[in-house]
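Chain lettering (A, B and C) follows the sequence in which the chains are written, and residue indices restart at 1 in each chain.
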Amino acid sequence: MSITRLTELKIVLETILLSSSEPLTLEQMRGVFDEDLGVDMLRRALDELRDEWQHRGLELATLADGWRFQTRQSFQRYLQRINPEKPPKYSRAVMETLAIIAYKQPVTRGDIEEIRGVTVNTQIIKTLEQRNWIKAVGHREVPGRPALYVTTAQLLSDLNLRALDELPPLAELGSLVAPNPYTAQLDLTGEE
Amino acid sequence: MTGQTLASPDVLALINGQPLTELPHDLYIPPEALAVYLGAFEGPLDLLLYLIRRHSLDVLDIPMARLTAQYMEYVALMRKQQLELAAEYLLMAALLIEIKSRMLLPRPVQADDAGEGSDPRAELVRRLLEYEQMKLAAENLDELPRVGRDYLAVSVWSAEVEKLLPQISADDLREAWLGLLARAGTRRHHTVGRQELSVREAMGQILNALQGDLFMEFTTLFEPELGVSHLVVKFLAMLELAREHRVEITQNQDFAPIYVRLA
Amino acid sequence: MSITRLTELKIVLETILLSSSEPLTLEQMRGVFDEDLGVDMLRRALDELRDEWQHRGLELATLADGWRFQTRQSFQRYLQRINPEKPPKYSRAVMETLAIIAYKQPVTRGDIEEIRGVTVNTQIIKTLEQRNWIKAVGHREVPGRPALYVTTAQLLSDLNLRALDELPPLAELGSLVAPNPYTAQLDLTGEE
């Protein structure tokens, strides 16, 4: 491909990526061109495009559901001055419910209640569904047929991740407690 | 080993082999803070974890008597404050008491394979650890850079996209209110902050401290560990009291200690 | 102004313009910077920015109510080939304005600004009026006689509701908003 062609290709890619309200997949981007572009060519153009934006306020990010331009975190302070309203901050109840679904999926409401020790407010599930971070994907075949929840690609994209395994690793259960050499002997003496 | 140590009359219990001679003193919560304070717990497991972490207890070796007693104290406080006491807290209380009573029963010397006769605390420990793991995971998740909060997705105006009208639902309106509420909430709490540092209140504290003692040294009336804002408020209160002639402030010579007493 | 400063200025301007969902006024752009930029300096930077985008797919356009990046007409054919899976979304500002009008009607622009704590962009009201979701129904009899806005039957039908009282109730929302993070710290000091 000639240099001019590659430059043109990048201009079109930049334009469609900057104006799309959703991340674009490689397939979607290929479909835009009259001729059939190889995936390799497309990737090369995207890589170059990413490099060209290296020192600017936006970055070309690769996400679970495609590519998109997004602002760099270091520019957030400027953006906040344009739009001083803060997005909602989710309560611990909402975030814990989300964490359980993310790490233990698929789970039912009962599973979440078992882990958190409290009833799960319907509003919490609704809030997460509304944000399109979780969705029901069927039922567990037990009495009551409770819905099974999983997280969505949207959640990953919103957290700037490509796959579930990029979630922060769980703390090892063992590391949550210091090993206690006396446990065996101490069953009752500690008590009475 | 256990018999020896317990022989001392001052020893209340053994914690990890160390004799405990005093009950912890830090269970006290200012009553006015209780409602907010308990509101900060996500449920009985969260409260239990707090108690365990607060007292550096080993989760794998929970002293059931102490933990149950402390937990019940909280539940009693909740009832006294007529907080909406969720059934989960009472259920947990019942569970703690059940475990404690089972621990009082003689147990088989050797636990069998089926787990019968194993430590009755085991299930509670498992749940506590699992909850703590998820609680930490939620915190980590919340810290990940999030679109809309830490950065924005970009989509510039184009005639083509403009033709597609955004669709909204009633829930979107609800979500929008949530954002508004979150901001209103921040403002509301600022008011609470102001009350917390009322000059009036500080004046009362100074007058209280001066009861009984004829003179007190000026500096002893301040608590620098509470931070600059507390110092400022206390100082304003002191000036106010002097202006109202309710305290008398004296200093014998330059750089000598300043004394305060009721006027 | 040094070349570096001007370059930095342009990067910030480019970032806020590309990421803003509504046109930005010169005043809004000036408010973003820590130091007080002269209007001349700002205009010069915007002119240079426009020139830099001369041969690309977006153009920096001057509209009645401000500046914005938009895709060039000649690139529309590429955009048409992308079938977005989801229609675009309204900005938070648009949604919050609509929510306030829906729940608190009739309201003036001043009322909305009071609740949101920020100025209401004319474009937002226009967007909602064009959609036929809100309309002005008279004036409040105070100085300036500001217009009073209410929602329309069209909004209810688009939301699939029969009456305004079918909007999600507000009361139960409080519990989902995270408690102020400072509250917890404050109370814990009583503990130490």
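Following the convention adopted for this analysis, contacts are C-beta pairs under 8 Å (C-beta built on N, C-alpha and C of every residue); 3 or more make two chains touch, one makes a residue touch a chain.
Bear in mind the structure is a predicted one, so any value in this text is a computation, not a measurement.
Counting contacting C-beta pairs between every two chains, the top pair is A-B.
Distance from each chain's C-alpha mean to the overall C-alpha mean is smallest for A.
Look at where the CA atoms of subunit B average out and do the same for subunit C: the two points lie 39 Å apart. The distance from the centre of subunit A to the centre of subunit C, with each centre set as the mean of the Cα atoms, comes to 25 Å. Taking the mean of the C-alpha atoms as each chain's centre, subunit A and subunit B sit 31 Å apart.
Of all residues in subunit B, those that touch two or more other chains are 148, 152, 154-158, 160-161, 171-172, 174-175, 178-179, 181-183.
Multi-chain contact residues of subunit A (touching two or more other chains): 18-21, 58, 69, 71-72, 75, 79, 85, 87-90, 92-93, 127. Contact residues of subunit A toward subunit C in the complex are 11-12, 14-16, 18-22, 24, 28, 31-33, 55-58, 69, 71-72, 75, 78-79, 81-85, 87-94, 121, 123-124, 127.
For subunit B in complex with subunit C, the residues that touch the partner chain are 26, 28-30, 33, 36-37, 39-40, 54, 148, 152, 154-161, 164-183, 185-186, 189, 192-193, 196, 226. Partner subunit A is touched in their complex by these residues of subunit B: 1-2, 6, 13-17, 42-46, 58-61, 63-65, 86, 88, 92, 100, 103, 119, 127, 129-142, 144-158, 160-161, 171-172, 174-175, 178-179, 181-183. Within the complex formed with subunit B, the subunit C residues making contact are 18-19, 21, 58, 68-71, 73, 75-76, 79-80, 84, 87-90, 92, 95-96, 98-100, 102-103, 115-117, 131, 158-161, 166-168, 170, 173-174, 176-180, 182-184, 186-192.
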